[in-house]
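Could you have a look at this structure, given as structure tokens, before my questions?
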Amino acid sequence: MSAHLAAGAGSPATDAALAAYSTSTGEAVQFWVLGTVAVLGALCTVFLKRAVHSALCLAGTMIVLAVFYLANGAYFLGIVQVVVYTGAIMMLFLFVVMLVGVTAADSLKETVKGQRWLALLCGLGFGILLCAGIGNASLTEFDGLAQANAGGNVEGLAALIFTKYVFAFEITGALLITAAVGAMVLTHRERTERARTQRELAAERVRAGKQLPPLPAPGVYARHNAVDIAGLLPDGTPSELTVIGTLRERGQIRDVSDQAIKDLRALEQRAGERLGRGDRAAREDREGRAEEAAK
Amino acid sequence: MNPVNYLYLAALLFTIGATGVLIRRNAIVVFMCVELMLNACNLAFVAFSRMHGNLDGQIIAFFTMVVAAAEVVVGLAIIVSLFRSRHSASVDDASLMKL
Amino acid sequence: MSFPLLTATAALPAIGAIATAAVPAARRTAAKWLALLVSLATLALAVVVLVRFDPDGDRYQLTESHSWIKDFGVRYELGVDGIAVALIALTALLIPFVILAGWHDADPLETRSSRWRPTQGFFALILAVEAMVIISFEATDVFLFYIFFEAMLIPMYFLIGGFGDRAHAGSDEHAAAQRSYAAVKFLLYNLAGGLIMLAAVIGLYVVAGNFSLQEIAAARADGSLDMATNTERWLFLGFFFAFAVKAPLWPLHTWLPNAMGESTAPVAVLITAVVDKVGTFAMLRFCLQLFPEASEWATPAILVLALISIIYGALLAVGQRDIKRLVAYASISHFGFIIMGIFAMTSQGQSGATLYMVNHGISTAALMLVAGFLISRRGSRLIADYGGVQKVAPVLAGTFLVGSLATLSLPGLAPFVSEFLVLVGTFARYPVIGIIATFGIVLAALYTLVLYQRTMTGPVKPEVSAMPDLKVRELVVVAPLIALLIVLGVYPKPLTDIVNPAVEQTMSDVQKTDPKPDVEAAK
Amino acid sequence: MDNLIALLVAAPLLGAAVLLCGGRRLDAVGHWIGTVLAAASFVIGAVLFADMLGKDAEHRAVGQHLFSWIPVEGFQADVAFQLDQLSMTFVLLITGVGSLIHVYSIGYMEHDERRRRFFGYLNLFLAAMLLLVLADNYLLLYVGWEGVGLASYLLIGFWQHKPSAATAAKKAFLVNRVGDLGLSIAIMLMFTTFGTFAFGPVLEATGETGEGTLTAIGLMLLLAACGKSAQVPLQSWLGDAMEGPTPVSALIHAATMVTAGVYLIVRSGEIFNAAPDAQLVTTVVGAVTLLFGAIVGCAKDDIKKALAGSTMSQIGYMILAAGLGPIGYVFAIMHLVTHGFFKAGLFLGAGSVMHGMNDEVDMRRYGGLRKYMPVTFVTFGLGYLAIIGFPGLSGFFSKDKIIEAAFAKGGTEGWILGSVALLGAAVTAFYMTRVMLMTFFGEKRWQPDERGNEPHPHESPKSMTIPMVVLAFGSVFAGGFFGVGDRFVHWLEPVTEHTHGHPPIGATAVTLSTVTVMVVGVGLAYLLYGRRPVPAVAPRGSLLTRAARRDLLQDDFNHVVLVRGGEHLTRSLVYVDHTLVDGVVNGTAASMGGLSGRLRKLQNGYARSYAVSMFGGAALLIAATLLMRAV
């Protein structure tokens, strides 16, 4: 439905509406409905526990924004929003989430004292102030994009970009290249020494006394390597596929999804120590270790 | 309906995003919130360009996207290397600003 | 234009400082000799200035003037009057002795502490201080003076904090902590004063429109520049505060005992004999010339403070257990005399104060350096650790005695001349204050002789029984100073001839004339 | 000829410089250098004296201007000498007795390895003392004044390894400083009143100014005199000064330096003449001191301290005389000279006794020494007769005149002063006889000292006895030479004008009474110490005796009030300086540090909390802009 409206908004028939003092009721409805969706998406992005869910919610919000762009006569931006943002950037996010996987960071438990309340307070005040600013700015009358988009939105933009903003455009090009190179530099690890053979690695592992078998397959984030323990999917849930059928049949799968909680406690204890109120957290952590050992 | 509402919406989203940046510990989520803020700005720009009837606002929004893309690329790279070194993507783990 | 003599006099040690600092670490001795030669060359230049200066000529001579910061009317203006010449000569004279006395103070320590203290730095800093002091004596531009008045603190800070007594009783860590405390205290104290003065300097610019001492003073004199009474008083206080901290005047004195106590004897001499003189000199040159009315307004309070300094400093000197701190408090008492002489507003008082600056410099240098030799031998600053040195090291004891006698201003030694002039000058205008101040000479006798008795006389303490007498280098340091003390005490005329005209000028600045003695009034 | 005056001072000064800077290589000849230069100075003095006698009385004063010392606008201090009869008298006394004592010291200090330095100090003293009496203005006099103070400090503390000596030296210098306080204030007063402090102008201008100022100046000068001449209340140092070697006691603390106060007062005669109150105070001080010293002298068992008390008392006589004004000045100086002879002789005798007795000073350990050291006995005895005023000897003439003058002052104070002087004469006779008897008569009382070596009393070497003989000669005949035909009066009259005083009871009566009280004193002493044996340990004695042994509790007073009080004052001040004055500063610094420490907690290292503050800041900025637009 939103897509159809967006298309409609694009047609020359409704250009007059864009020019008019007030917008069409259709757009109003669209605004109120999708606006709610966008806000909800944003809130979920912030308040959902798992990064994956946040990413998806954000993607939703972005799509809604794309629709709004279209509705505001920014056809090119709308498309770019969908293609670049939702399509590329958000996917990039998801990839990274997959790389990083489920970490202890995914918790809403606040470690810095008063941080959350301060943040909410500031947010609230900031929002109110912004709204107040917008409110008493006299933005009542406005002229639409009729003649600006007369020659077509994309052409208009192109004209501006390659004349008025050409320099900035080139600069951004350079910026992108730099960013790409920078990303590579940051993530690339140069191998200086000779690659070690399987044998050496094995010997090393034995010497270190940890992780004798190879690490789990890519895309799977395993904290344990016992055959009866399922690897974790990016969202932290155990994936039964990583356990051999027999055990699956016998239902002898051990669940380690509480691993995240342990790490979380460990992290909170670390933070606690840094903030000098560590003893309690430390004791909890020690108990945790104890029962882990007992297990 | 008065398109000024778009601005209000933008303000709302921006605020939410900012709050998210402050609240969340997962670097990735923090990044998402930053993206949210950027998008809110874009929305505002677009709405302005509609009001003033010229495309400059859209141009700015376009540039913002480009910059945002670059920023995300670098930022995510940072997060990955951070994770490699610390096995955690928590911004609190990288709290070395205090000696 | 003629050869810029004054700039040269200040620049030579500055260049010397850089050169000394640049000497490679291994060539330590070379650095020492370089520093010594530079200081001697500076002394030669100072002598040239002394010769070229014509006491009966213009007020400011050998002047140089170049525009510096046009927008604020800041000029690079140099010029000397009799007072400045005398003090430049004193500074240039003392530095070689300071360097010679500190010959081994900055050598790397093998025995007590593993920390190596760069020798080059020590001597370079001393030369830097000399350069800054000299130029602040020469500057006739308020802003220029201010800059060097403040910049002086930096090398002094490092000299105090970096090069404490190597032979200090107690653990090195403790000594180092004490040192850095003293250095920081010195820095903060003087910095506070300097900042207040900066405010006053800016205020002066706002009022007067430029920084040139001569122009402002002239404008003040012919009335073309008149300040509101309160403005003038506030500005005066701003300037005076900084100078009173530097001088130091009670109750702003507490940094001095720490600084002098913790630093090596040569540095202590540098502080009290050279750097602090800038404070009293500046009172005479800036406070009185720029703010005559305010000076007159503040005189009673300042005189009382000076009086307190005299008596208080002397009493505390009596109560000290630490040789260097004792000398420090004695200096506080003496600075009380100097300030009293300046603000007595009589030509005897001000001539006396100027002579006092010179003589106190020499006498304190003599006493402090000998004390330093003593301390470096025994490794303790506590009076109680000595006794009977006189029997073991008679020459050391003798020079120490002469230094003490100079400190108690025995007639025939230089300090007596200045102290008596100050007393007479003060008495002429403020009899009561003059009489009370006279008690200072009794107290002076008390603390110096008690010090001498406790350290030098009595049965020989076993720790000092093996103490060697003065070495040649040390004699070379002390003997000329003592000779100078005697010469200036017997025949101070050359000095007074240089100083008097300048003092007359200052007197006319404050529109004061000496109270004429009249027999009738006494009826 | 006049240029020789500077040489008077220069010769011993040169000696001091050479001996003190010369180093050990002069040890062998040092004492000869010193003695020769002292003698040279005496010769110069004699030459000048001869030259002076050549002129007529009115034109004898000569001067020499060396150079301008401290020239400051309106304040002109010169180094200039003036030599008139008064100065000449002192010059001869100082250089003469000085030279003798140099000779004496050659023997006395023979076994001291620091003899060279000792002679250096002696020369230094001579130079300073000559400067004092030759100066033609008060400031230069002040230089000499402090110079002799320094010399006596160095000489009292010559045996510095003895803590007692060091303390005594310091005490002497400090007490003298208190006196110098008076002198410097007096000079300041002169400068502000007359615009100068040269003798001539000041003393001429006395007529023009008010009595108040002159009284103030006079009292200040008197304070100075008290310090230098050990008069009450500043007398406490003289007794301790006996810690010094005996020649020093003889030269400085008997013959010359301690009489400088008398010189000062006589020299400033015009001022005192114009200020009767100051004169009265002077006489009172003199009278009190002469009794004080005499009483102390009676109680001391230490021979030198007994003599010191006697010195105090005799100088009391001089000060008394000087306080009497023109009727007394001459006699003050005359007594000063004669006293110089016999007191120096007595001290040298005492020194000779100690020399023979292993430096034993307790008279209760002497006794019957006349057999062992006849020369000493004879010279000491002559000095004794002189000081008690035995008719025909020096003391008789000078002291008798003073007593006469005291009565001649007239009025009740005349009677009081006169009778005090008489009483003093009696006591003098008493204690000197006591000393004489305890030392030279009776049976021997000395025992081996703690190191077990028995003292073997023996006559001292020639170098010591000859000066004693000379001085004895002087103490016998000087008085007569001066007194007969008022020679001395005519000699000094031009400088210190002299008016002949007429005692209410007649000169002969005074003389008779003087002799009688003297005899009474001697008799009393003989009854107490000549008839029955002297106990080797001092009996507890009466309250007065015990007080007198402790210098009439003066030192205890000083200790309690000045020393203790001073210690407490300084200690509390040190505390105040550390806690209060410095505390304020450090307190400020500390509070700053605390504040920053608290602020530091905000910086917890979490990027997010920094972000919060940034965000809040942004919010505030917006608020501010909106506010600005609203208003």
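Each chain carries a letter (A, B, C and D) given by its place in the written order, and its residues are counted from 1.
In this text, a contact is a pair of C-beta atoms (placed from the backbone, for glycine too) under 8 Å apart; a residue touches a chain by one contact, two chains touch by 3 or more.
The shown structure was predicted, so the numbers you read here are calculated from the model rather than taken from an experiment.
Between chain A and chain C, the least number of touch steps comes to 2. The set of chains touching chain A and also touching chain D is given as B. The chain occupying the central position, as judged from C-alpha centroids, is C.
Here the CA centre of chain B is 64 Å from the CA centre of chain C. One simple way to say how far apart two chains are is to compare their mean CA positions; for chain A and chain B this gives 11 Å. The distance from the centre of chain B to the centre of chain D, each centre being the mean of the chain's C-alpha atoms, comes to 97 Å. Distance from the chain C centre to the chain D centre is 36 Å, each centre being the mean of its Cα atoms.
Multi-chain contact residues of chain D (touching two or more other chains): 604-606, 608, 612, 615. Touching of two or more other chains is recorded for residues 112, 115, 118-119, 122-123, 126, 130, 274 of chain A. Of all residues in chain C, none touches two or more other chains.
Shown are all chain pairs that touch, namely A-B, A-D, B-D, C-D. Taken in their complex, chain D has these residues touching chain C: 20, 67-75, 79, 139, 142-143, 145-147, 150, 153, 157, 160-161, 163, 165-167, 169-170, 173-174, 177-178, 180-181, 184-185, 187-189, 191-195, 205, 208-210, 212-213, 566, 569-571, 573-574, 577, 581-582, 585, 589. By the touch criterion stated above, chain A contacts chain D in their complex at residues 112, 115, 118-119, 122-123, 125-126, 129-130, 132-133, 136, 274-275.
The touching residues of chain B, when paired with chain D in their complex, are 18, 21-23, 25, 91-92, 94-98. Interface residues of chain B, counted against chain A in their complex, comprise 1-9, 11-20, 22-29, 31-33, 35-36, 39, 42-43, 46-47, 49-56, 58-59, 61-63, 65-74, 76-81, 83, 88-93, 95.
Of all residues in chain D, only 603-608, 610-612, 615 touch chain B in the complex they form.
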